[in-house]
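The first chain written gets the first letter, and so on, giving A, B, C, D, E and F; residue counts start at 1 in each chain.
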């Protein structure tokens, strides 16, 4: 079976990461996965939210937004509506939670890492692209913080990437769905994994459909393949920063 | 291993459902799972949201809230804050999505089913208790609508229930976590399944921890056991309404 | 004249209070007056609002809400609307003000008592039921605080209860209106009194109607009868806590 | 006993009404009661709120606000806070309810009367001054509407005015409390009456104090005296418009 | 050419300022320019916004609002909408910025001057009337602060006033537009100048029209004439306070 | 005098426009002026705001936002704050007003052009860059609408561009201020002009400073030079679309 954009069923879209994309943030990455483009910026702030004050630990939090015309139809700006949608909140919580899994928060001390993911063009998979881009931007920010002695040891313990998988109406499992595939999929699942191959988060949902344990297994196999390729790209892009991560996780390859 | 409340690792807490709990709603259920108590009310309204108008299909949507003292510490009322938290939105979207999977929305016509889940006492697993109670309340509402000829055919195609599973810090998989277990768990997963044993939704997350494919398999096995018991309770409580569901799904047992 | 539910004109509905209704709050009461059911929870917090800081006095504040299906038609959740209605604010202010009248705030020190009144089923008189239930829940919370030495002396100086009275379109004064009577009443009045028979608050309103001084007198007579019965119930339910109140107010009977 | 401003205990402050105060509104009155000054504007709009559409009846609704420096300390503007306080809502609801009592809403047809009460200087009794001023502004607006044939018959069935009464710490009942008296009063009551001497609304509250039935009687006697004087002023100011009201209520004097 | 209200093209409307208009504010002015009437109140508060704390400098900030019936059609109250419009924000920022230009903020120390401009009747030019009235109210407040030794030196370095100019559809430049002229103007410009004749702010806009450099020159000439007359009025009204300003700016006449 | 970035005092920064920057919008431009980068997207919607319905005319409206890390310090996202700042509103209103000046709104019929300006990197002059970029994006959208026969005639009557000018503390007039210059400037002015050299909008403000008529003249001269260069770039980039504009405005060169 050949997909609408000519890919194999277990093939990622072409992925690029443009590091240091804008000049102000401590870490800045433009990630492009097919036609999905997300600016991921990382900021390190010298304080933590109230619930962590005085505990000697840091925090990582994420915000996510789309430009109104990231999509085919213009969507209303959340600042104009005066509130953030449930979908946005779900994605923000997911990104923050995933990143916290691979960072030793006691190493960074009472600092907050703000991750801003702004989708400038959407074609499916924006939340998983945001996680992969945000991980890379966060590593750049920590590299700079280490250089400037704002942190004293390397805090990232493993690589992290995310991808979507789905099942179409002919029961075919597909990797890295573009928007058109996603809109027609029976089942949609987002998977976040580490460089060591451990699961960080799975969110599988059959909107008006269901899926079997066996289909779940196939989806996870395919997702793992896609994530390994993304982590390879992270390693290439991050260069010597990759070595810091590898040394912390005992040097084992993903 | 014996758990803090004396249960086996794969044992549900004692579960009860008190049908017709309050007098006004079309369907009303108080579900108690251990010390977690949720009032689930179903309302059928004669219109649909704008995006569905004129399409001949219905909609199911859910709202979820906690009384301020459902918890050990008082939480601020969301109406006082003037906005709904991300956690609440996530849960509301999950409940609505799960219920829509087992209802033929074209059978109910242009009607909206509102599901209100109000937690009056919380001890872990409120969102999964809400799904199980909401499913039952929704069936009561449809039974009444059928009787009053507001709908002309039975729309629910399968049973539906949900449970939490987790992994504690000794790597033990536990079924149906109470609050104290949940607060200490490394991995937390919510599973929604149908009476036929198909997966509707899985959300597994390792907050500051990860999990392996093998641990995922064990968690799903245990969740399936717990959900089967909940669906058995639904069948007993719903009586003749159960037969309508069974006949639609071809009479196969879960 | 016999009323729609068979009561005499000056007869309260059947009233029950279920103490310790939920497990977390310091004081928890489910009050049922006819088909009106309100969960009243009391929380004692170790701080006061800014305007009282450093003055050595406590504060009592109330919040009131209805479940969406407490009523025959579903009402929109105030957290979804993002704001609290004028009716809710009026009721919240009334409950707090009434309770503060019978508590010596300097005895409790710089603490805030939060009263949460959540109507799970409404059939008229929810605000007066809330006051009576809230008083009882507050006493339970103070009893526990005294036991735990969070307060050092008993602060409640008198009993407190509330009831509605009204005038129907045949000029008949009625005690404790149910919803159907309330909707048709020309005049509606809420009365709050102490165990000593003093007035704490009266709010009488003739929506598109008026009333005479003489009708006011009859309404107050009837309200006093109803309130005395509610205070008798409070005494029975509160047991030894009642004695603390009686000793503070000089032992005189209401 | 002589009061802080030299008045007798049952004496109103000097009261003036400046009719046609601003040029745009259909009815505009500046009411001054002592140092309390409220601009009351009435607007007639050719539509009703959704719940009244198609019923052939009109509606009257009020809004109330204070300039930030109407008070000795600057209060934050409600538009800056983004929400209206409970106190404001209570007052707005009271004004609208009171005015609706003396207007035959079926005579005005599907129109809404908006009453805007803006306090430019506050010295106690702003809500009762607002009711008296609003009644007068509303009469001016109806007079103009009758002239312009926007309404075809006179709709106001009686005069209406309001006053505050209170009890000070020496148990003395006082009429028309200024701010300094109000701040120290044990009991505070607002009374709204018609030209025929009927009660429209009473709101009596003993903040951290209580009152007896006998004190209530004295307060009502004194309030009635004060209101009669205000209605006399309305009659003088409204001139021929007064005759329309008198003829509708059967010509009886208040 | 004679204008709709009989004025010359370069003639201001009749202008009055009523000082000490309400009793509570430190400075209070009712400014009337033709039928435009704005209450301008100044409050001095003993703290500064967070961004200025510890810097030894003060701040001046303004709020602006219209009564709902300041206009021919009732406008919705911003407190009811729950947010302030863009137009209001623009005007507030303009007033604050203009006043800060003629005040030595280091002289007043860590204090905030709040300027409240409330339009009670609008007929064009409300924002420029507000600036002129606000300047005068602010001077009154500083005079009082100097008397009470809340400030130790005079901080206002020059006079300040503002006026509107415009170009009508026959290319005629007009000074001080009333509402009817403003609504039909092709170009509208607001000019703020000091007593020394220096420009503080110009905002010229051709809504659906444009203007030439030469027309700009004519507009500025006319505006300067109008502003000089307003500053003359300020000097007369402020009396000895004027002398303080003149001595600070070196005594030169405007 | 040489500026901090080596420019002459009357020299624009290097300016580029990247047309068709993202794929979904009808018109999409990334404008870079020095280090200031703004994505300008234009959307044409088939309806107008309520106040224009049935009048046969179109509307143009703009929204403006900054990514949180467009700036050196992270700014809080307006969607998180739940409201748009005064600065943002001012800029949005300016952009919409300016564009409407050069479009014949009756030619486009009852359509709304939405302009979204999102600053991804800020270094001074973001609002003027947004106007120039928005004009170009709007032309692309109209070109596409003409091709697709959504509009039947060309509606843009002239070119439009904007630039900032300022005066530094040595009284030197500077063209196109970068952030560092802007932060230190005594006077800041934004100028919008057409291709014919007419003024559309001038906003000059001396925050804590003033300026003379003569300085205003110099600022306008310099601004005109800068704007002419920007309009030249628009002509080059827009190619045949430029000819449509030129033919409408009578072919005269700017």
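Simple rule for what comes next: contacts are C-beta pairs under 8 Å (C-beta built on N, C-alpha and C of every residue); 3 or more make two chains touch, one makes a residue touch a chain.
For clarity, every value in this text was computed on a predicted model and none was experimentally measured.
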item: Minimum number of chain-to-chain touching steps separating chain C from chain D; value: 1
item: Reference interface A-B: repeating pair among E-F, D-E or B-C with over half of contacts shared; value: E-F
item: Per Cα centroids, the chain farthest from chain B; value: E
item: Chain B-chain E separation of Cα centroids, rounded to whole Å; value: 61
item: Intercentroid distance (Cα basis), chain D paired with chain B, Å; value: 52
item: Of all residues in chain B, the ones touching two or more other chains; value: 82-83
item: Ring of chains, enumerated from chain A in the sense that reaches chain F first; value: A, F, E, D, C, B
item: Parts of chain B lying in touch with chain C, wherever the complex brings them together; value: 22-25, 28, 35, 37, 39, 41, 43, 45, 63, 65, 67-72, 74, 77-84, 88, 114, 116, 118, 120-122
item: Residues of chain C that touch chain D when the two form their complex; value: 83, 85-87, 89-90, 92-93, 97, 100-101, 105, 194, 196, 198-213, 216, 220
